[in-house]
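The chains carry the letters A, B and C, assigned in the order they are written, with residues numbered from 1 in each.
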């Protein structure tokens, strides 16, 4: 489908209570209209439960189910088994966040993936526990401020790199894994459509900016997503029956600094920390695209040993 | 047809006869035989069901809840740590009014690690919104799986049911069981036909966020279903008795209570041994009887008041400890009999799987008889426990 | 006991305002508590917070139903919320508005203090965060707290979290609002219909709380019923599209997180249903031909 071929019917209706500019709402709304009405969704504890349903109201026009946080995989397995017993052709789709997938829900997701249950798992990755008020998850990138990786006197933001969930999921040898960006609509549409053509466990990994969590202008949701891709912080590809294919390659690698400076959660980062992250991105770029990142971006001297941010730095950049 | 089988096997047959459609499973001693038998039934084509090998008990109850919401009749079984691990999901199932049946093989809940019979596991789930029924032999275990579906799926109830069977004492013990005919079960238990399911043809929202304006009413509604369940349990017991010739009495059963001066309230397999003890004591002239507590949720407060009106003292057996002093059954009995001024004596025994011998049960009756005569007896008694005097 | 109810929108800092007021009261030797009502809605949605002040320890743990003062951080709330509900007859409304009290219709003639806290905040803080400015106005209008105590509380609370300079600027915002507050009486013309709410008894409650499409005296319930929730009040800006420039690329229609841009005229044209526009500005930011401009949602 092209954009113009997308159905007009909102299966996730207006009037939901997501924050203005919400990347999750944007992704859910488009995913569900591509998936169509013969779909049942499971949503674990997350913003999407809250802004998508508040008794007696709901934005979903397809059947909705929710119980807990850590069980998206298992719930999809259970409902799909029932549909198969009843001879119903229904797509069982889970919309879980990064916390619900990288961390607390990893086991349940892995179980469903390993059994190759015929379900579609969508991870809406906004890189922290946003529903509880911005705490670090396994999907939080290096350097990011969260309320549990604060910018303090000793440590400034998250010290670990984003967990490589893609390889973990792919290691289950599932039929289809893909990364998606809402800023690349045609690629987005194609991958959701493609996921529907497989039988077995399919995983769509969506990059979904969070306005309050990333401390950014709500108008920039799409722009920041595009920049994530252009800088190599997020890469667009798919793994089809074990075969990896890049679906979009940026023309020219952008500096990670440009991406970081759009977001308050990174604005405290020292030059050394930015260098550290840039080197990580360049390494990832190299592995991913099988070529070195742009020399003016990647040929940089490694940062010096990490030292605490000075008072002066804080004065200039704020906490 | 009589078969000499374990309690676990009887339960598995019960699930098959009930035509359970989805069985998510995860192994734990002493429940394992149940799911192994079901795996065989499904693989051999004897049972038309989806058997799901989940990766944890939490996922078992998650899958069970989702499958039930999607309209399937769901069966599973667990025990002890497994039940504890699915605790969160037990609370999700009941308010959604999903009629799942799950057998719990009662076992010690660690620490300390132990695999033998104790009721601390299921007692910890007593307020999770599940009906609980405790059985005394393998026949009752099988029959209660079938009855549980009728109770659970009754429109006046719509609640999950947990038949509890004593680990090893039943799960791994063979005894003759009369296996009902499939056509008889089919005529007793019609297919599960829920009004609303996860169906794109009629979209529904299950478990939306609820603000304080609504949750109180939902809780009240669920509490009401527990009240209704009492009547339904009794009706279904009678119907089952008529059809299959086995009458379990409903919420409770009694043994030789007609002229009893003292009653022992029992739960689980200790009921069975106690029947022989009562016969022996009766021969010696002691007017004793048993009240078998079958359903712990809903709690049969009215029934107990009725059958205990004539006794001089009440003994209460517990295979679990609630750390406030006595056991869970004792607690509930005291609450149910509030205002009645006769001695209620708690007898703790069999914890951690220690065998509950006839001598121990005789001691329970002795103490309760003493109390009936006005002698001073400790309220809470740890039987056969080193360092304790009873 | 003096009780205050704050009306704001998620992200405007109503809770912080309530807490800061409590701290200022404690600085003056009083006892005070502040607490939010945790609703379900997100940034931009209406929120409530409360402060209680007394000379002695406060034991009450309930919400405030008959406030002595109501503080309104965002006058767009007046369209949908009866902010004066339960307000004591001799009570005061403190409101962020560029209107004078006499021009503000609260559906009730009541003592009202108004201040243009938004422009104070924009000028001093360079951001439309009005929670400290409105507290200055509160001090002026009620006299329950001295502006000096408030300044001290603001410096301590905001300074601790956001740095000394931010604390000082916020204290200045409070002082400036204090000096610019106009006190008068509101108008009482409009009749605000409280939004109807479906409140079933436990017997009427759908079994298990499971909702299918339905209609109650308060409107739709169940799947898709969020359409009953008009969210235009959240918007500070709204998009205006230049139809001449528009190439119908449909990117705005795709990106809109609300789904409030709809295709009309046999898919030949677009229309924005402002009822559901929260004013995020993604459409304007992404329009490849600059056909969409964001304008103030209310004048």
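We adopt the following convention: contacts are C-beta pairs under 8 Å (C-beta built on N, C-alpha and C of every residue); 3 or more make two chains touch, one makes a residue touch a chain.
In this text the structure is predicted, and so the values were computed from the model without any measurement.
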| item | value |
| --- | --- |
| Identifier of the chain whose CA centre is least distant from the whole-structure CA centre | A |
| Distance-maximising chain from subunit A - centres being C-alpha averages | B |
| Chain centre separation (subunit B, subunit C; CA means) in Å | 53 |
| Distance between the centres, which are taken as Cα means, of subunit B and subunit A, whole angstrom | 45 |
| Centroid spacing, where centroids are CA-atom means, of subunit A and subunit C in whole angstrom | 31 |
| Contacts with 2+ other chains: residues of subunit B | 96, 203-211, 214 |
| Subunit A, residues touching no fewer than two other chains | 50, 54-58, 60-64 |
| Contacts with two or more other chains, residues of subunit C listed in rising order | 40, 209, 211, 222-223 |
| Of subunit B, residues touching subunit C in the complex | 95-98, 158, 195-196, 202-211, 213-214, 216-218, 220-221, 224 |
| Partner subunit B, residues of subunit C touching it in the complex | 39-40, 197, 199-203, 205, 207-213, 222-223 |
| Residues of subunit A that touch subunit B when the two form their complex | 37-40, 42, 49-50, 53-58, 60-68, 70-71, 73-79, 81-86, 88, 90, 107-108, 110-111, 114-115 |
| Residue numbers on subunit B that touch subunit A, as the complex places them | 21-22, 24, 48-50, 52-56, 58-60, 62-72, 88-89, 92, 96, 198-200, 203-211, 214 |
| Interfacial residue positions of subunit C with respect to subunit A in the complex | 10-11, 40-45, 162-163, 166, 198, 209, 211, 216, 220-231, 234-235, 249-251, 253-260, 262-263, 267, 273, 275-276, 278-282, 284-286, 294 |
